[in-house]
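Chains: A, B, C, D, E and F, in written order; residue numbering restarts at 1 for each.
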């Protein structure tokens, strides 16, 4: 069913997704969106891992994806907790306003 | 159809959608829309997983990302009541710089990804690795330690999130 | 091949129709049943014994004026209820409604839209997507009550999904480690219904199912005393109808899932004896239909229990709801899981 | 392995303390636990060389044990130092648990043998620290620090994972040894994306150890976080991350060093220049220490760059980590006590020579050690690094390192000058708790002792 | 202080382990509601079925005519005075020549209105009436859509000549006798004496 | 063993001072330094002439796996510098008797640590140990200058510290480079002889690189133009005793380093680049002398004169011949003694008149004749007139440079003339001429000051007249050294 698709296409697809995520991190000011873009990057990695896993006919790639998911969930939980705390204090999540630490 | 197999068509459509939706995530002005686009991107990616016969992963992907993580995002965005009006915008210059930087990175990466053409994905029939049973066997034998230690990770995240989230008791 | 596809299509349509029909009549039955519990008569004007009431309601919903708040996000406002409805309907596709039957030509047809080997997870996946409908709808209304209702609903659904999932894991362990609903049901074919092995698990699942479907006593999201109408405060006409309808479909499906998981689905005691007595052979369509009947009876009983509970128990307070979910059900389900694993290990079904 | 288990257990015990009301006993318990973990470490020494656990997921060979030992020692001192930090906070047990979990992650990073454990180790170590960095809830700076740390950490994780995925794609395994054998067998015919993966891994790890040009988050994070958490970040986290780099690049990817060494050299050079010049311009001591930690990172990376596959470089890194950790513990301990009133600027140190001579002396020793002046451990640390580097082709880097570390002396001395030369506004005595004084003095003494007798450590770790 | 002896003291005592499980409690509750499944329906399908009404039911008012068909009411106003809800208003007029068949006495009520929304159907008007002109009947007041329609004028109150309303059950002899007792307020007025306050 | 005692004794004394916190620190310190002097005299007498290697050495493994040993011993040049150190230290302590320092125990303690480190530098036979002592010497002087220095001490000491550390790090790199090339039975070694051998084995390019790496450290310490910018300010700002230590002994660390740790190690490198270094030194001589001439502050004048002198020393020894090096050794001793006297005089002037400005001083001779006499003797020592100890060294130095290049010798010889100009001119301005307002009453000298000055004068004259014992030792030491170089 997957015959006829070169791994190259998957590589390309995940790279493009990864880069889109990276651009998002750079181009947006909204902390939550930045965070979401990071999730997008992780998903690009997941896709890549799964495709490689299929390529090698080896389950470990897919298992690795589970760990990435677990970590992503943990990171998001912590991250959003921190974000909402910031929002409580600053009433904004604009990254440009978060510059109290510059001398 | 036009010399492509159904799989290739599906692949193409899913990929196109995924990329378009991912772009929408980045460029949508409304955070809620961004979340929804991202959810849809995840669905496309789940579609790819199905295409590669990673059914279990596909559904777990939906449950974890779309069902839990993105709901949390939506939750926070809604609680903060963010919408287009409150959305801060970077200057065009920054955006262009980000775009150019990203484009260059893409260029470099794509350029360096040459040489993988000859690697074809193995055939569908033989590939049963995505099934729950196989995954479970690998997870609980080879990857037992990471699996166990991931509990520490989740515990830490749990404790951390609660500690940060709860109100300071005076 | 074509006939298989046609049959599948037909099954789809039938399941779709049944879901909608059951949901529709569940609305009537809810009113009837509550009337019975309260020594009343209930609706009996439209049609004989009020049987056309759902049609009347539906007609009313369709023809009422559609109000979309000016300040709302129009697209999302419409998307919300639609999504909720779609996800509710999607859950029906993995439920095995009856035994397979074969025709003379040897084609085997099943009373199930599709049997995927991770059906349980599919259910969870689709249910978790259902949250979006409520959240989007509530948020797009641009109304404080709606937003609060939506947030309540989603956090409640997410919270209870955990205990639910863990109780299901225990079930899967007893059911021999399959994630396919058909196999879970088939596994109860000759033996005892799973509820005998998993009474606590069933209880937890049941409570969680109540919460997942936003049914009383967990109907905090639409708690009219506090939130006017909850997430559908701003909705009217058929979009409100979709919300309400989907809720009943959810109830229907969760009843079906419960009967499949814990009560043997289309199996019933002494089924084999009955079939033998009737002279039916394996693969006969009548076996399927009788099984379907049994299944449906169970579903109806569950729906009645849902309603019974609704009209008995007062609504929880929100903190109580969360406490119940996190501090009682979750530990209980973990305990249940531990016990299950222990027992199964002693029975020799598990190997480390 | 036992150490890992003990620490995980300790974390859970810490969380139970609130429920069973033995919060007061927690610190002794934790200290005992760390000692126990250290003892098991010590007992495993040389015993199970090469024996790995769980399908080669993790292996506590001597290298891992040595670095775990450093981490545990640092943690021991840190906990004593932090005792009143824990008393102040209302979420005591959570803090305890989080720090312990971070330690678990750090130990994993010393012993990983598989990309999975590497990744999980990094995350287990980082996630508690994100929280701890943001743990001053009402302080916007702390929040901001936590957030920046988180975003940068996740971004780094993204790169790390992309790298891992590519390497997996090429080699078909996550196991370090298998990857290594893949490299040895296919040196000529590896797909290009494998190299990309390695470089991405390098970038990600540089993010984690805050080497330039991926360092921009570090000063902000260090400055905003509570002082003691900064101490934790700059000691344990750094050490663990460096072991990870060492294992990755010296063990797995050493065969293709020509690929990454040029990149690494540039990174080191940039780190040295940027960090030292920036540090010299800081007035906030925490920020300054952050920049200085970047320069130390560059030094430690030099060990990796030198790529001397012998005990020499491992020794060098062991010694450097230890010296740097201990020195930082002193520095941050003093800074913590000096900046209790909220002033973290260099002027907070004014007149410390009069206000608390002992503290001032310890701080001087720490600063001299960080600057690399003889008879302090920092000197030998630098010495070992120079020794590893001198045989390689990167002599220009060595010269740069020497030059910039002379600049480094400038900002370390600034503190000494402030302590002895500048007069403070108030002449009030800086009071320090006994236990903290003990730790500070003890670590100072260690700094001096291993500075005078580096053999104590050098002989201990013979690989 | 207890206002009634039915109040209960709230107890906050710890629940026993059994009670804390709630399940028995819930089951008990469900049994209670469930038992109602088998109870008789309390619903009366009103327009189709009617409940039996007591003989002395106080429903819609009627202004009686005498045997000749003349209105009994003399617009004395005692009913209005007696009405606790102040639902009754009236205007009096003098009887003209040729109207003897219509009104029994020289004075009559040219308008007579009862606001049914205010009326509490206490029956005091009936008691106050010295002329036995107003009675409450067992008829139920109709529903209306407008508030104004609830103000019943003479067109609705006065019984039709050809469709007399039977009030015999209320017009008992005891009442009639009672009303004739001297010293009653309306008798005083009737007797031309001044009311004492 | 005695060598170890030589190093350890002051250090122990310092510890006693640190921990006793006694107010009688001065006296104790004087006692310790005198005992130390006696120990070094003991060394002097135990020293056997015409050695072929180090004597009285003490060895112990330190960091065995890196080949680092605690290896100290005496050779001719080292012995002379040890003598100088131990001789000067009591004088320096004595000179401070009139100064009241805060926390004297710390002050004198640091001084003793410094002595210990200096002696370590002069006796170390292990490259690593040498570096350690080298750096160790830096720390006490840094604190002495920082804690007891004059205005603006923070910035200035800081510059001094960074400069010297900067140099020494390069030296470390150079030494490690050499160390990596050592091979003693397959092991690496830090022993000085092994380092010599390793250095010799290098080719000219490598030697040049090592030469510059190591030379920079010494050049900064001495200091040689253009690395001297830290020096005048530091000298002026440091407390008098600190200045004495800096100029009297610490400066010799640099020159000693060149002689023992540079010339024999990389002779080819020296041949290649020595000319450049000598030219730099000569430029330094002229430059410093010229500045000294126009200096108003007497202490600063001495500081610049120091640069000029050390330039000559450096030029002489880099010429790499018997005369040059021997002259350098002799000149080191002479300069050490006389510069201490000069700095004491500057301090006395300041104490008695409140100023060191040459223009504001004058006519002191008429008020205190004894002082004038002592001053004159010391000045004559400093300008190296015959029959003072400075003459021997200076003569040999110029001789050495002449062998290298007559032209350079001509310029180097200018140092004597220019030295005479600024020294005598300043003497004239201060002591002779009109009395000025600022020094109305120049009282009698304090006993301690007088004692120091007298001792200094005696030494100047004695060894000017009879330099043989020292000269012999120096000659032997240098000859031995030259065998390594060739």
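To be clear about the criterion, a residue touches a chain if its C-beta (ideal position, glycine included) is under 8 Å from a C-beta of that chain, and two chains touch if they have at least 3 such contacts.
Bear in mind the structure is a predicted one, so any value in this text is a computation, not a measurement.
K.L.:
Spell out the chains that contact chain C while also contacting chain D.
P.N.:
Output, common partners of chain C and chain D: B.
K.L.:
What is the touch distance from chain D to chain E, in steps?
P.N.:
3
K.L.:
Averaging each chain's C-alpha atoms to get its centre, pick out the one most distant from chain C.
P.N.:
Between chain C and every other chain, the largest centroid distance is to F.
K.L.:
Which chain pair racks up the highest number of C-beta contacts?
P.N.:
A-B
K.L.:
Among the chains, which one keeps its Cα centre farthest from the Cα centre of chain E?
P.N.:
F
K.L.:
Go ahead and note the Å separation of the Cα centroids belonging to chain A and chain D.
P.N.:
Inter-chain centre distance comes to 26 Å.
K.L.:
When the centre of a chain is set as the mean of its C-alpha atoms, what distance in Å lies between chain C and chain E?
P.N.:
54
K.L.:
Can you check how far apart chain A and chain C are, centre to centre, with Cα atoms defining each centre and the answer in Å?
P.N.:
33
K.L.:
Give, as an integer number of Å, the spacing between the C-alpha centres of chain F and chain C.
P.N.:
Chain C and chain F have C-alpha centres separated by 95 Å.
K.L.:
Could you pull out the residues of chain F that touch at least 2 other chains?
P.N.:
none
K.L.:
Spell out, as numbers or ranges, the residues of chain E touching 2 or more other chains.
P.N.:
Residues: none.
K.L.:
According to the definition already given, which pairs of chains are in contact?
P.N.:
Every touching chain pair, ordered by label, is A-B, A-D, B-C, B-D, C-E, D-F.
K.L.:
Quick one: in the complex, what on chain D touches chain F?
P.N.:
353, 368, 371-375, 379, 383, 386-387, 390-391, 398-399, 402-403, 405-407, 409-410, 413-414, 416-417, 420-422, 453-455, 458-459, 462
K.L.:
Of all residues in chain D, which touch chain A in the complex?
P.N.:
Against chain A, the touching part of chain D is residues 115-116, 119-120, 123, 127, 130-131, 134, 137-138, 140-141, 143-148, 150-151, 154-155, 157-158, 161-162, 164-166, 168-169, 172-174, 193, 219-220, 223-224, 282-284, 287.
K.L.:
How about chain B: which of its residues touch chain A in the complex?
P.N.:
It comes out as residues 5, 7-8, 11, 15, 18-19, 22-23, 25-26, 31, 34-35, 38, 41-42, 45, 48-49, 51-54, 56-57, 60-61, 64-65, 68-69, 72-73, 75-77, 79-80, 82, 87-90, 94-95, 97-99, 101-103, 105-106, 109-110, 113, 116-117, 119-124, 126-127, 129-130, 134-135, 137-139, 142-143, 146, 150, 153-154, 156-158, 160-162, 164-165.
K.L.:
In the complex formed with chain B, which residues of chain A make contact?
P.N.:
Per the touch definition, chain A meets chain B at residues 1-13, 15-24, 26-30, 32-33, 35-37, 39-40, 43, 46-47, 50-51, 53-60, 62-63, 65-67, 69-78, 80-85, 87, 92-96.
K.L.:
Which stretch or stretches of chain F touch chain D in the complex?
P.N.:
62-66, 131-132, 134-136, 138-139, 143, 146-147, 153-154, 157-158, 161-162, 165-166, 169-170, 172-173, 176-177, 179-180
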